[in-house]
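My structure is below; once you've seen it, I'll send some questions.
The letters A, B, C and D name the chains in turn, as written, and every chain counts its residues from 1.
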Amino acid sequence: MNLDIQREELLISQLADLLKNDKHVAVGAASPIPGAAALLAKEEAKFLNKRLRVTILHSNKYNNFTDGARELFDCAAQGRIDTFFLGGVQIDGQANINLVGTGEYPKIKKRFPGSFGSALMYFVVPQIILFREEHSPRTLVKKVDFISAPGVSERDVYRPGGPKYLLTNRALFKFNKNLKKFSLCKINEKETVKNLVKVTGFDFDVDNKISQMPNPDTNRINILRDKIAPMVSEFYPEFANRIWGI
Amino acid sequence: MNLDIQREELLISQLADLLKNDKHVAVGAASPIPGAAALLAKEEAKFLNKRLRVTILHSNKYNNFTDGARELFDCAAQGRIDTFFLGGVQIDGQANINLVGTGEYPKIKKRFPGSFGSALMYFVVPQIILFREEHSPRTLVKKVDFISAPGVSERDVYRPGGPKYLLTNRALFKFNKNLKKFSLCKINEKETVKNLVKVTGFDFDVDNKISQMPNPDTNRINILRDKIAPMVSEFYPEFANRIWGI
Amino acid sequence: MKSFDELSLKEIVDEVQDGFILGIPADYSGVPMKFTKELIKKGVKNLKLYCLPLTTIQGDMLIGSGCVSEIEAAAVTLGEFGMAPRFSEAVENGKILIKDSTCPALHAQLQATEKSVPFMPLRGVIGSDIQKHRKDWHVIENPMRSSGVREEPVLLLPAVQLDILVFHAPCSDRNGNIQIGRRRELATLAHASKKVFVTVEKVLDIDFFEDELSAATCLPALYVNGISIVKNGAWPCALPGVYSSDNEEIKKYSLAAKTKEGFGEYMRYCLK
Amino acid sequence: MKSFDELSLKEIVDEVQDGFILGIPADYSGVPMKFTKELIKKGVKNLKLYCLPLTTIQGDMLIGSGCVSEIEAAAVTLGEFGMAPRFSEAVENGKILIKDSTCPALHAQLQATEKSVPFMPLRGVIGSDIQKHRKDWHVIENPMRSSGVREEPVLLLPAVQLDILVFHAPCSDRNGNIQIGRRRELATLAHASKKVFVTVEKVLDIDFFEDELSAATCLPALYVNGISIVKNGAWPCALPGVYSSDNEEIKKYSLAAKTKEGFGEYMRYCLK
């Protein structure tokens, strides 16, 4: 068996580590890596005799909902989802995310799909993990051009949820709600803090206990390739084919 | 075949006459006579090549809804129900209805079941038919002790629906919204206007074209006894047994 | 590990604490009568019954047994068998507080909790004595420019969260998903409840989510805290699609419960 | 008389008038692609697309064909095949008005119409640029004493009524009831629409209401104005539970539609 860890597998492994205390993880549109991570965490939880529910919206099989497309949002608002993933065309240093486009709205320069459910999910799910593979001054910016959902809110706004982590190809950040700032906690083994400062458009703190992203161990990589990959191919066939050739 | 028309059959026939222009009639809890009338009207509509939908909540077979118990109210609020029936422990001259009890609320003297959905249905269904078999100063009162739902509303209140008729054992009244008053239009053949004034607790007008309640013709009574009675026995077995011995 | 928590009826009853807001399904949604009798045996006190939107023998028995301090409902009735005698007696003598409501309001208050919004608007109701006596309801002028009639009065109803919901269903699958068919008000009740327990006639060794059509008939296990297998768990009430109500028994109850003594005698026989 | 109105696709297309608000189902709810192509052939103008909550190739084709003046959506995307090119181009060049929204808001606005209330409250959203640009949305202080946080800001969304909804479904029964399975957002769309037309793969000679479980899978005929039998009516989109999307075809579209010319060529081939 080939134990060369692929970039996507490393990211899946990083995300799975963040789901260990969850009871219910939901995964939204166009998210093969978070989807694989959630299924991996669920599989590993079984060994610990723990029950982790995974809801993957773009799958029939892993979609636990029966009340129509609104149930994800109702369920999240009820506090029944512990972790959800959001991306962004741009993400800024205060964890504002932009899924709409670049340029000055509404006269937009480059239009992207839109905000999806982010403007509610970001407020009500306790652990939002921001996930954006590309880590560059183009994606991680000082200030987003359009706020699809704000990273922090005024005190009187109902907000039990919000950003906890930001994962990219290069690094994992933790978000500090009080300082309204990201803090670097793990970096890819090929990265340096110095280079990260250069490729990140916003200022960030650096954790005392900063460490390298650990590679998944043999056990985890076996589960991922043997059990999870075929599941992923049910709802993200293109992705599964590209990564695992299935 | 016995063509002696029973009291309940006469009432069913009266109600069916009021449903001739409808596309959708709904029937709520504990309403065997309105339920039978709606099914009779539906059957007769077929001969005129017209489609009348009947929703009977207390039946599985004639319940057209699939969105849970709230769908009746949503559907009515959307304007998709033309006629609904309401009763009352007391009904007064302004068509206020009381389903809660007698005496001064909340220190009630005699408690009845409660208002059910009347407080919405009365506002949104264009033709509400009030139906109360007992016609006495005890049931038809000057002023109800508790308003479960008001007969008329202030101008600024959203109210596309409201009372159109009141049917009792003795008479049929039409409600005049502008005058806020009932007007007698049909009486039972055994009744006189004079006696009705005596047994009715509220003042009412008398129609110019007042007439006797017509008995159902042979054709109608045949449909009722042969086709409708067995249907009714599905959801009101006690009633069907008492009236038709089935 | 087991894919859901199978409990005994006693374990479910033990989850109900004095003073809890208990969700009560209508007679067409699966009334958990066996559970109710166990609850009465336990002697729970000061329950607040939230009926969606009405209750029949279940509520009347709980009230007659002194378990209830408050009830929010659109109706309490024995249907074809007349009024609910213990309820009427308790209200007439001021033994319980009744928050009189109307069906759509009871649905809307739970839908507010389902969506986690502080209130839900409703039309109708304004000008009734129901509204007059509900201090927790609030009327505002419609503030919208783009919808409704400018400045029409609109009733706002508070979000209500249930402490616990118990209902009876035909079956669950092997993963704890509950078959509710088109009794979708049970989903609303579950979404709005902190804890949900279900008694079922049986557990099927299938997965409802294997098939899109059977998936459509179920309440997902994620809302359910525990399941107990209880045969005939709704008797003498009906279990829609499975068995009809036992009208003889309900009639017997309706006659017995007309007096305090008759009710006491009936309950002694029925709790045996 | 027939128990429902069976129509030709042309008769359904003729119901869509210039300027109508057209309900658009998401890619998982049954996209009526054959209908959409006929609509484009007809040359309808100034449609307002209301997406619940997003659209893929259907919206992109309608926009590219010049049928649309306004779109309200949480996203327009070709999913795994990238951005919706005609949509992006139209927005970037100011050819259409986009009312940017977020999924739960699109659901809630239809639920307001479903309940016939002037507005629906929603939490979240406040402080986003979505909210900033929606002049039809309104924020009030929570006026309730008994629920929510006193004086928290609450977003109110207007009730939106659709002029017409068209979607594709696996089948209807002989009485015109439509099988929607657990795609219950289709029920909300239908409840909020003045007229509803459905294309189906086939009509089954059964009555869904004969059985409580099959009843639970359907949208009642009372909401449906007409049905047309259209084989493969969602192609190249998926019909959940029946057939998958034709990814080759969508990829082909995604590449062709990158330019105006490529889109024109694709549409000539596809409308043939």
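Note that in this section a residue touches a chain if its C-beta (ideal position, glycine included) is under 8 Å from a C-beta of that chain, and two chains touch if they have at least 3 such contacts.
From a predicted model like this one, the values you see are computed outputs, not experimental measurements.
> If I rank B-D and B-C by number of C-beta contact pairs, which comes first?
Pair with the higher count of C-beta contacts: B-C.
> Determine, using the mean of C-alpha atoms as each chain's centre, which chain is farthest from chain A.
Max centre-to-centre separation from chain A belongs to B.
> Using CA atom averages as chain centres, what separation in Å is found between chain B and chain D?
Distance between chain centres: 39 Å.
> How many angstrom between the C-alpha centroids of chain B and chain A?
Those two chain centres are 58 Å apart.
> Mind checking the centre-to-centre distance between chain A and chain D? Centres are C-alpha means, answer in whole Å.
Each chain's C-alpha centroid was found; their separation is 28 Å.
> Please list all residues of chain A that touch 2 or more other chains.
Counting only residues that touch two or more other chains, chain A contributes 60, 65-67, 73-74, 77, 124.
> Name the residues of chain C that each touch 2 or more other chains.
Answer for chain C, listing residues that touch two or more other chains: 104, 115-117, 122-123, 148-149, 152, 182, 184, 187, 212, 215-216, 240-241.
> By the document's touch rule, what are all the touching chain pairs in this structure?
Every touching chain pair, ordered by label, is A-C, A-D, B-C, B-D, C-D.
> Which bits of chain C are touching chain A when the two form their complex?
Touch residues, chain C against chain A: 1, 3, 113-117, 184, 187, 191, 209, 212, 215-216, 218-223.
> Could you please specify the touching residues of chain B with respect to chain D in the complex?
24, 46, 49-51, 53, 55, 60-61, 63-67, 73-75, 77-80, 124
> Given the complex with chain C, which residues does chain B contribute to the contact?
Contact set of chain B toward chain C: 29-30, 58, 60, 65-70, 72-74, 77, 99-101, 105-124, 146-150, 153-154, 156-158, 236-239.
> Would you mind writing out the residues of chain C in touch with chain D in their complex?
Residue positions touching the partner: 104, 108, 112, 115-123, 136, 138, 140, 142-149, 152, 154, 156, 158-160, 179-182, 184, 211-217, 240-241.
> Going by the contact rule set out above, which residues of chain C touch chain B in the complex?
26, 28-29, 52-54, 73-77, 79-80, 83-84, 87-88, 91-92, 94, 98, 100-105, 107, 111, 122-131, 133, 148-149, 151-153, 182-188, 240-241, 247
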